[in-house]
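Below are structures written as structure tokens.
One chain, subunit A, appears in both complexes that follow, with subunit B as partner in the first and subunit C in the second.
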Partner chain A sequence: MRSIFLKELVQYFSSPVFFALACVFVGVAGVFLYNAVAYANLLATQISQYQASGGISVSAVVLRPLFTDMSLLVILLVPLISMRLYAEEKASGTMELLFTYPVSDLKVLLGKYLAGFSVFVLILAISGFNTALLAAATTPDWGVILASYTGLLLMGGAILALGVLASSLTRNQVIAAAATLGAVLVFWTLGWFADSVSSGYLGSALRELSLAGHLSRFFNGMIMLKDVVFYLLFTVFFLAVTLRVLDFHRCRG
Partner chain B sequence: MAPRAVHVSSAALFVLIFGIMLAVVYLTAMNHNMGWDLSRTGENTLDQKTRNILAAVDFDIRVTVFDKPGSERDKARDLLDLFALESPDIYYEFIHPDIRPGAARRFGIDRYGRTVIAGKGRQVVVDNLTEESFVNALLTIKQGRKRNIYVTYGHGEPAINDKEKGGLSSLASALRKDGYRVDGVLTTRRDVVPRDADLLIVAAPRERFIPGEIQALREFIQQGGNVLIAIEPFADGGLKDLLDEVGIEIGDDLVVDPANHVAGSEATIPVVSIYGSAEAVAGYTGATVFPTSRSLVVRENPPAGVAVSRLARSSDQSWAEHDHASITGHEEFSFDPADRRGPLDIALLAMVQAHGNREAGILVFGDADFLTNAYFNVAGNRNFAMNCISAVLDQGYLISLDEGQPRDVPFVLTPGRLALMFWVPVVVVPSLLLFFAMVLAWKRKRA
Partner chain C sequence: MPAEIDISVFVCLETLAGSDAQRNQRMIAIDDLTKVYGSRTVIDRVSFTVNHGEVLGLLGPNGAGKSTIMRIIASAVPPTSGRVRVMNCDTVAESAKTRRCIGYLPENTPLYPDMKVESFLRFAARIKGGKKNGVKDRVRNAIVEFGLEEVRNRTIATLSRGYRQRVGLAQALISDPPVLILDEPTQGLDPEQVYEIRQLVKDLSGSRTILLSSHVLSEVSQLCSRVAVLNKGRVITVDSRENLVSRHQNHTKITIRVGERLDQALEMIEAVEGVISASSSNSQLLNVETVRGRDLRPVFAERIVNSGIPLLEIVREEMSLEEVFMELVAGEGETRA
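So, the complex of A and B:
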């Protein structure tokens, strides 16, 4: 598993794609940060005309909008990380070679998944440096920042698992990314459809299945067991389904 | 069956069974949900009063939020999740009023965001679900009716709708937030205390109550009515004899505490942090400010059927100043042998056996300023006053030991720092990453 993990990492870092993705993600997140900070600054200036302290809730005015915007970026970013994991092997004809490795499908899958997840973590970590700049302006609530990044990591990991499944189903990376994005958007908006479908158990189930529904609490600085469990189970489910798909490919030859 | 069909159906079966297993795990996590609030200000931690009330609720609470999907509904859901963490008896659902107009009509819902809170066969509709509105609704459901608090006027007392420094609007607002109905009462006109009064507040009367009013107060206490009397130094409103009957003497003095007073002020604004063991103040550690207070004395031999307990005392370095020249500002305060040495009682609670095996609670404060808008939200004054009132109204779950934390912090950006917030995240870091991408692309092209 370790060799697969390292091989995937080398492939990510030896192509310009990682740096290009990181450049776009960190740059756009930087624009979001600047917008939030500039607005907070304007608000604090206006408030200071009435109150001596000019105090604002940094969590409400800066952090929450920032992380909400960043979650949308994660939705766009992760399918681009996951799209190549299996689709590239299929397109280049190395999938069969992969099946001949003296390691189980599970270990190959975990190696690839963890490599993709490491790339995602690294990009988030670079954006975290930008967030730390907030300390130049105020005393940010590090607890809220920690919880928000935990939420983004868990959601990113869940989307990555979905992306790995999509990548295992096609040889075309663009199709894999588009399918992942489409599926994520469906899971993201499930809670919105719940009202139209039913107000009973089905509606509640759809709301609980919504990717977005479990995220807002993290951005408030709250980590709830059910939210963490949801994202972990979401990840486990799609990785398990991917394993079945790989098994199907292997049997089909 | 063809091998491919076998594979597909076994994969489908696997997905179904595995999905069900994970759903069971998730439902277990939901039923044993826990939360960790990492925010510094405790934004996701319910107020202690809310937790007390939820712990005291012994019936199912059904909450129906009528709203369309969006951030407001998400906020309501997050709040309900916090309530559900504290109480397993809370069930909630969301209804889109446009999609299910019948349900909305049944509850009389005519706008987005209205929430129906139901329990014990009663229901309360709130316009906007907040921790405060939820608590109020729970109290109304639990008690069946709102408790009535009347505040006397007509003797020069500050008014409950007066928003100036000397008014009582902050006190009235805090009481209403805790679910009480607050109104003024002119006892001189009616000579009686309203029948539905659960508590009568007499705060800073400058004029004397007439004998008929005093008798009405006495009868109210004898019937088990609760009274809060807050009197300023040298203006007892003619209530001295009535207080004497419940075992409390009021001193014609001014409490001076040179060691424990508000910084930058005179020693006549003592800061109190010594509390008794009564339920209202047990465990309370906040500081309470009593600007210009008179001392109270517990009679050595209280009348039969009366039990007096201490609520708040000044420090042992304080004294009760009797010297008129000092009090009027003509001389410096100094301890004389005629003055009584501290600690001095500033707040007392007398429990009086009333008719019909009932008990009346008489809260007596040697100061009324601490209840006015100027001081109500200073230090722990608000919590102290509200806890005392909750205790006499036998609503122990409304007692809070929380001091509350400031949630806003200064946000100051110089133009230079604002520019830094633009250049580093938007230009410098992405440019570096772009540079690496271009170098790698160039290398690959050359290879």
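So, the complex of A and C:
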């Protein structure tokens, strides 16, 4: 598993894709930070004009919008990280080598998943520079920041599992990324359908399956067990399906 | 688990030094193997064995099932029915063990185009060796053994086909496996590279058991001690090259070159018992076909020399493997039709 993990990292860092992704993600996150701060500034000016009492909450006005925007970035970023994991092996024919090396499909899968996750964590960590800037200017609520990052990591991990599955189904990386993005958007908006579909069990089931629904509590500074478990189960489920797909490929040749 | 490799290598060493019983050890045993894709039967009840130290050539036209057999042995694909045992371990039930004993070079040599030669070999050494110990040494040895010093830091995508093939062989051999499976190892190479790769395979044979596929007949006859001829997913015959040729040879061709009086020599030879046909192709050369199983060269020589005609050359031509192959494959088509 370690050998696969290291190989994937070597491949990530030897291609310009990683650097392009990191630049775009960190740059756009910076723009979002500027927006959030500028908006907070506007609000603060208006509040002081009306001479309302007290200031504004950094958590509510800056952090929550910032992390909500960043969650959209994560949705766009992770499929681009996961797309190559299996599709590339299939396109270059090296899948056959992997199948014949003395290592189980599960270990290959975990090695690949962890490598993708490490790259995601790394890019997210670079964008942590934003938070450092914010901390220099104000005194943010570190609890909210910690919870928000936890939420982003868990959701990113879940999307990555979905992306690995999509990547194992095709030899074309663009198709893998597009399919992942499509599936994520469906899972993201499940909560919206829920209200229109039914108010009964089906509605609440759909709401619980929504990727977005579980994220909002993290951004309010709450880490709840059911949200954590949801993302972990989501991840495990799609990794397990990927294993089945690999087994199927092996038999089909 | 390098321990298993060690044992197998130990067995190999012992066999090299040891008795015939060990020499005849079955390294690969294929028993009633069938592979069906959808409604297409790609491999049809194939059985054969490869003994220790042997180089077996899989010979057949494209689509005969050579690659599929090799992929099943290497555990890339499971069989539909029947089984394959490598060093007495089942390739399905004990595939973790068998995969450790096999070095496999798939058709067209798939490699990671964006990786550097050295880091790819390091990956192969790590994933095959399990433990970290010896990875550095094995990579260094492989780079030297396969002449990859110049390109060790080059990206695989920029390598020539010859170098790619060497990298492919290096990854197959990096853990020193007792069994080697090479699928069309010289395909797409220029003559010089073909020669290099054949030389490498020759050097490897002896201590290792090699299964090699090809549709180049001269390659098979140069490298392999035995040949399995395949057609349409079935094994037509498995035999040594010499046996194949002698078994399928219906008549013997003899070429005689004389200095003068060609017509007189022709008449004389036509009169010999056992000659099927004789003809002259130019002013010096006689082409003679004789019945199988009798060597008439001494008779011809004696008569020509006795009559005072200068005899320059007398050669018996063996039927080529190519001719045998064409005959076998054509014969198979007829019996099926």
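Remarks
Throughout what follows, the second predicted complex is superposed on the first by the 243 of 253 C-alpha atoms of A that agree within 3 Å, B and C clash if a C-alpha of one lies under 4 Å from a C-alpha of the other, contacts with A are read in each partner's own complex, and residues count from 1 in each chain.
By definition in this document, a contact is a pair of C-beta atoms (placed from the backbone, for glycine too) under 8 Å apart; a residue touches a chain by one contact, two chains touch by 3 or more.
What you see is a predicted model, and the numbers here were worked out from it, not measured in a lab.
Contact with subunit B, but none with subunit C, is seen for A:V241 once the two complexes are overlaid on the shared chain. Touch criterion not met for A:G182: it reaches neither subunit B nor subunit C. Legend: residue contacts after superposition of the two complexes on their common chain; A:V58 is shown touching subunit B, with no touch to subunit C.
With both structures placed on the common chain, the touch criterion links A:S14 to subunit B and to subunit C.
Using the contact criterion defined above for the overlaid structures, shared-chain residue A:L233 touches subunit B, although it does not reach subunit C. With both structures placed on the common chain, the touch criterion links A:I126 to subunit B but leaves subunit C unconnected.
Taking subunit A as the reference chain, the count of touched residues is higher for B when subunit B and subunit C are set side by side. Looking at the shared chain after the overlay, A:P102 reaches subunit C, while subunit B stays out of its contact range. In the superposed pair of complexes, A:T94 makes contact with subunit C only, with no contact to subunit B. The intersection of subunit A residues touching subunit B with those touching subunit C, taken from the two complexes, comprises 14-15, 251-252. Of all residues in subunit B, only 3-4, 7-8, 11, 14-15, 18-19, 22, 25-26, 29-30, 32-41, 43-44, 68-69, 74, 77-78, 81-82, 85, 93-96, 99-100, 103, 406-413, 417-418, 420-422, 424-426, 429-431, 433-434, 436-438, 440-441, 444 touch subunit A in the complex they form.
Across the complex, subunit B is touched by residues 14-20, 22-24, 26-27, 29-31, 33-34, 37-38, 40-41, 43-44, 53-59, 61, 126, 129-130, 133, 136-139, 141-144, 146-147, 191-192, 194-196, 199, 203-204, 207-208, 213, 216-217, 220-226, 229-230, 233, 236-237, 240-241, 244-245, 248, 251-252 of subunit A.
Residue ranges on subunit C touching subunit A, taken from their complex, read 37, 68, 71, 74-78, 96, 99-100, 102, 104, 106, 108, 110-116, 119, 123-124, 126-128, 130, 155, 171.
Within the complex formed with subunit C, the residues of subunit A that make contact are 2-4, 6-7, 10-11, 14-15, 92-97, 99-104, 250-253.
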